[in-house]
């Protein structure tokens, strides 16, 4: 009997000891933190998403590794006005309809010391095409050929004018074959960028990068950068205030002004290439009536939303493109709130409040819509609430509903929806065609409203074959003007980004073409 | 021996049933697995996916096979020790992820349980010895609130006070002892209160027993009477409650890990559920259920150790 | 624990003299100050939940962006939230939501539990074996985690939340019911009903359920507090109820962003949750103490 | 020479508004070397007297009077001094041997702890205890020490307790209902046991019992208690063969050997005691005087008795 119990005791005691050892084990890891002091020029960065993987090929690590950790670089770069500029490719040319030739820099070395040539670029692109269906479908590459060490020829399977733009997409960034082990398994990103991969702690999910002394672009500002994934905006805010971070983004919008007041911390607000937009189900009466859609757009107070919901992290929007984009239609202005105009339009469409309940009706049916949105982007649910309140003042009853993403997809597939508020990227590829054809062309993949306008379709198709950018952009401007008038999607506001950093972080330049934010090589710490 | 066989058999059955349940449940998600993987990993949640891309993903992960075949394949791999799948999001074997995350959860749950038991038992004894005095009443009211306050609320209040106002400990994170302080405190409160209340009751009951009086008659000092005679007997119900509380605690780790960015199984589970990372969800549920069953098994064994009147076998 | 209740009731001959015992029960309740307090609070609370629309000073969903994140003041007793909605009104409406979901969950669990427990206890044999196994499995892992998984699949929403929590809760009732039925089956009035040729359904409905239900109701009272906590927890994680529903956990979750500038959005909903759960804790403990003095203030679960 | 002198001992327990008078104004002496018995129905307060001697009553008991043991006032002792007397100089053999042994501890430990910090080596003490156990008809005491109490029979437990109580050769042994709840065989054993203790050890004993046979075998003098009072006190043989008090008579008639004639009626409520003699409602000989005036205890024929009738005639 005695013997029977003793093992139990031993097990329990072992468990307790284990627990205490574990806790002492984690104190010992403090040692490595003190080692950080050795680097005088280290930046601790609070990344806005959980760092789940550093895999840029078959995982979603592309944006992180390319834009935020600056380990890898793309062939094509972009200017702040979204026009393309050379990256590690110096120039490109469309030789024939489906043939492109890219000239590469001849002074680029991978972090493993090897020289980057067209062969490596080809290998890198082939890998990502094989694994990433999204990139594959955007690139539409049929074959590639390394003409010489610094010339890459690409054959596309069909006419693809946006190919250079796609090659600015971070998932296409070039990695060395030494990123993979002998079995072909991805191990770590070996790129060409200003920072080298040093370590990724998979338990705490902390990514550490160090200065690349041999960067082709010149001197790199920081010795070292530590990226910690902190998905909760509030936690990021508290951490930078407590001095645990040097740089972070998107603290709660409501906190931006207060944090800006905190000593040694400053907040900068920028627009990012993403818009808050309200899809309107054109198959549902009376949303097929353009007057109703225009009235809704007049009823929404974009300025109030920008100020009180987004706390000015973001701005009222007119069309799908940022005014700073080179191809944007600069004539368009955001709809300003005008309840009288909305009333006029709705009355003309036959919607008046006959029963005096504050909601307009027609043939005994109230003007009532449901509005779906999701909560992964913090601005959406309150925006839906605010919009519902504003529309109600115009006599339109809108019932907002916050749902799971999967459920929204189902509802959209089945057509059981009226309005859908979402935040869409508008420069996945820095080219207007991508967005306009996806959103507004008949049957486009992101044409949620089911919008179909032959004039729009014709303009976009026409633009495809035009090589002259000015001419091409003119066609797109016309499309923008049409959809501005017809409002199949009510564009509400530009998405914003709040950069929060310590005062001693200098040389940071915001890149509006980045997905969230981009770390530039010139950034340094001023002591 | 037969008892143990039966017990382990039941544990295995439970684990299997739970896994099957999770598997079929998770596959009933609207939207479909292929679409979710595609969007999460390659496209971005808000963008739309084409049929072609979906097919590519489906065939890559064998998602076109009937569910029961997929499940059978999973079970086979698990039983033969091949592993329990690969995460769609992390691109790593699930077992590897669990091994990475489990220590953090065990550490948090262990520390919380240790706090709960140590503090709960001592306060419970104190309260019992001071029955109906002021300090007893204060403790009992405190207990009532302890079991009634939501632990995430407690966690937020602790952050507000200790991190933001007093700046004593970091807001969140993992790695050092000071990081453990707030989450463990927030998580343990509920269990501590439960343990304390049971200890008090059971201690009072035990102190009224004849053998306590006899021990006094033997001339033993009070300290000895409590530590030797009362405690062991009073611990029986406490041990049962610790078993119950383990479930509570494991449930609580989910919220607490989320709030404190603690890299444990709980936060992994929540993230995987929202990312529909089915193999990881499956693995987390498996790990948590196994842990819970194991702890309860240990509790039962401890029970037999404490109470010689009970014998399994 | 469950069987302790059952035994106690049986010992006391609870059922044949339900009325008499009920009177005694009420008397004992009124002797306890804490239970009186809790009962009064519960009545107050139920009243608030029932008449919330009349009591709340503002429309709980009325947005007033210019007056957002206001601290408590005369105009808004508990301040306003991040969209300028009156916090007091939302907390009052929240009482209604929490209570109705909790009652719903307990009711569904009770019904399913009774059905399953009856089937298992009454028919015995293979039916019992199967149902008992299922019950054991459901009881052998942490409920919150299962509810979380289900919510992850179903998505947030009141109905889904009720469903998920019921799936987690029913097994406790089923186990208790099964034990009740097993011992009732041997009682004379059931045996005589069987010999007189009454149908199974009739016997279960007429003789077994009414006589077995009391301890389940006790368990249900104790459970209400737990269910309210679970609702809040799931909503806090963002998978219970959507952030725009005035449920306390969801309010807390939305308010935590403003913890530093407007802490009242975090503090008041939390207080409301605590307050309600305290009430149910006191009631549950009290009922158990009265029914089972030997078990005074013992296990909570 | 009196070893123990009890004067005007009263014990009350608060109950609701009033209080239960468990013992009222009990006085008696125990001489060195004698066996003094207290008999009475259950609830007559006799066990309370025993517990009061060692100050083992619950904290809420209100005790008054004097108890003088070997020249020391027990009620004025400090707890540390009291512990020196408990177990060492005065031992208690509690009623209900099943409850008096801690079910969670092995017998050996429970025996051994008597010697702790008492100036006796534990080993030596154990040796002595083992010898004692053997003497008290316990076979294989070493093995018994390794067992738990629930593995012993009722009789064995009692002997074990007796061995514990005697191991320090106390000056006074209080045995509380030693035969309560024992089966006939074990009862016979108990009688044998006490005879042996009395004869071999020559201990001064206070035997509290409702068992007339045991009292007859063992006691030198007997006090009869009714409703918290001593109603008669005399030599054992005189009490048992020619009782003076009607209650004593009734008790003896109720004994199986004497025809099992039960006493009619019930003991009076202890919260509100009747006027006059507490026994008059059940007394067959009650006179008018008996319901009016409460009788005082008086010397009578060499003993003491509390009855009007004895003096009216």
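Chains here go by letter, A, B, C and D, matching the order in which they are written, and residues are numbered from 1 within each.
Criterion: a contact is a pair of C-beta atoms (placed from the backbone, for glycine too) under 8 Å apart; a residue touches a chain by one contact, two chains touch by 3 or more.
In this text the structure is predicted, and so the values were computed from the model without any measurement.
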Hey, which pair has more contacts between C-betas, A-B or A-C? A-B
Argmin over chains of |mean CA - global mean CA| returns B
Chain centre separation (chain C, chain D; CA means) in Å: 53
Between the Cα centroids of chain A and chain B the separation in whole angstrom comes to 36
List the centre-to-centre spacing of chain A and chain C in whole Å, with centres computed as mean CA coordinates. 43
Centre distance in Å when chain B and chain C are each reduced to the mean of their C-alpha atoms: 22
Residues of chain A engaged with two or more neighbouring chains: 238, 404, 406-407
Contacts with 2+ other chains: residues of chain C: 155, 256, 259-260
Let me make sure I understand the interfaces: which chain pairs count as touching? A-B, A-C, B-C, B-D
Chain D partner contacts - residues on chain B that touch it in the complex: 209-211, 213-221, 224, 228-229, 232-233, 306-309
In the complex, go through chain B and note every residue touching chain C. 10, 13-14, 17-18, 22, 25-26, 28-30, 144-145, 147-153, 156-157, 159-160, 164, 194, 197-198, 200-202, 237, 240-241, 244-245, 247-248, 250-252, 254-255, 258, 269-270, 273-274, 276, 281, 285, 288-289, 292-293, 296
Residues of chain C touching chain B in their complex? 133, 136-137, 140-145, 148-150, 152-153, 155, 225, 229, 232-233, 236-237, 239, 249, 252, 256, 259-260, 263, 266-267, 270, 273-274, 277-278, 281-282, 296-301
Over in the complex, which chain A residues touch chain C? Could you list them? 233-234, 237-238, 252, 254-255, 258, 304, 307-309, 375, 378, 381-382, 384-386, 388-389, 400-404, 406-407
Complex contact set, residues of chain A against chain B: 1, 4-5, 8-9, 11-12, 15-16, 18-19, 22-23, 26-27, 29-30, 33, 50, 52-53, 55, 58-60, 132-135, 137, 171, 186, 202-205, 228, 230-232, 235, 238-239, 241-242, 244, 374, 376, 404-407, 409-410, 422-425, 428, 438, 445-446
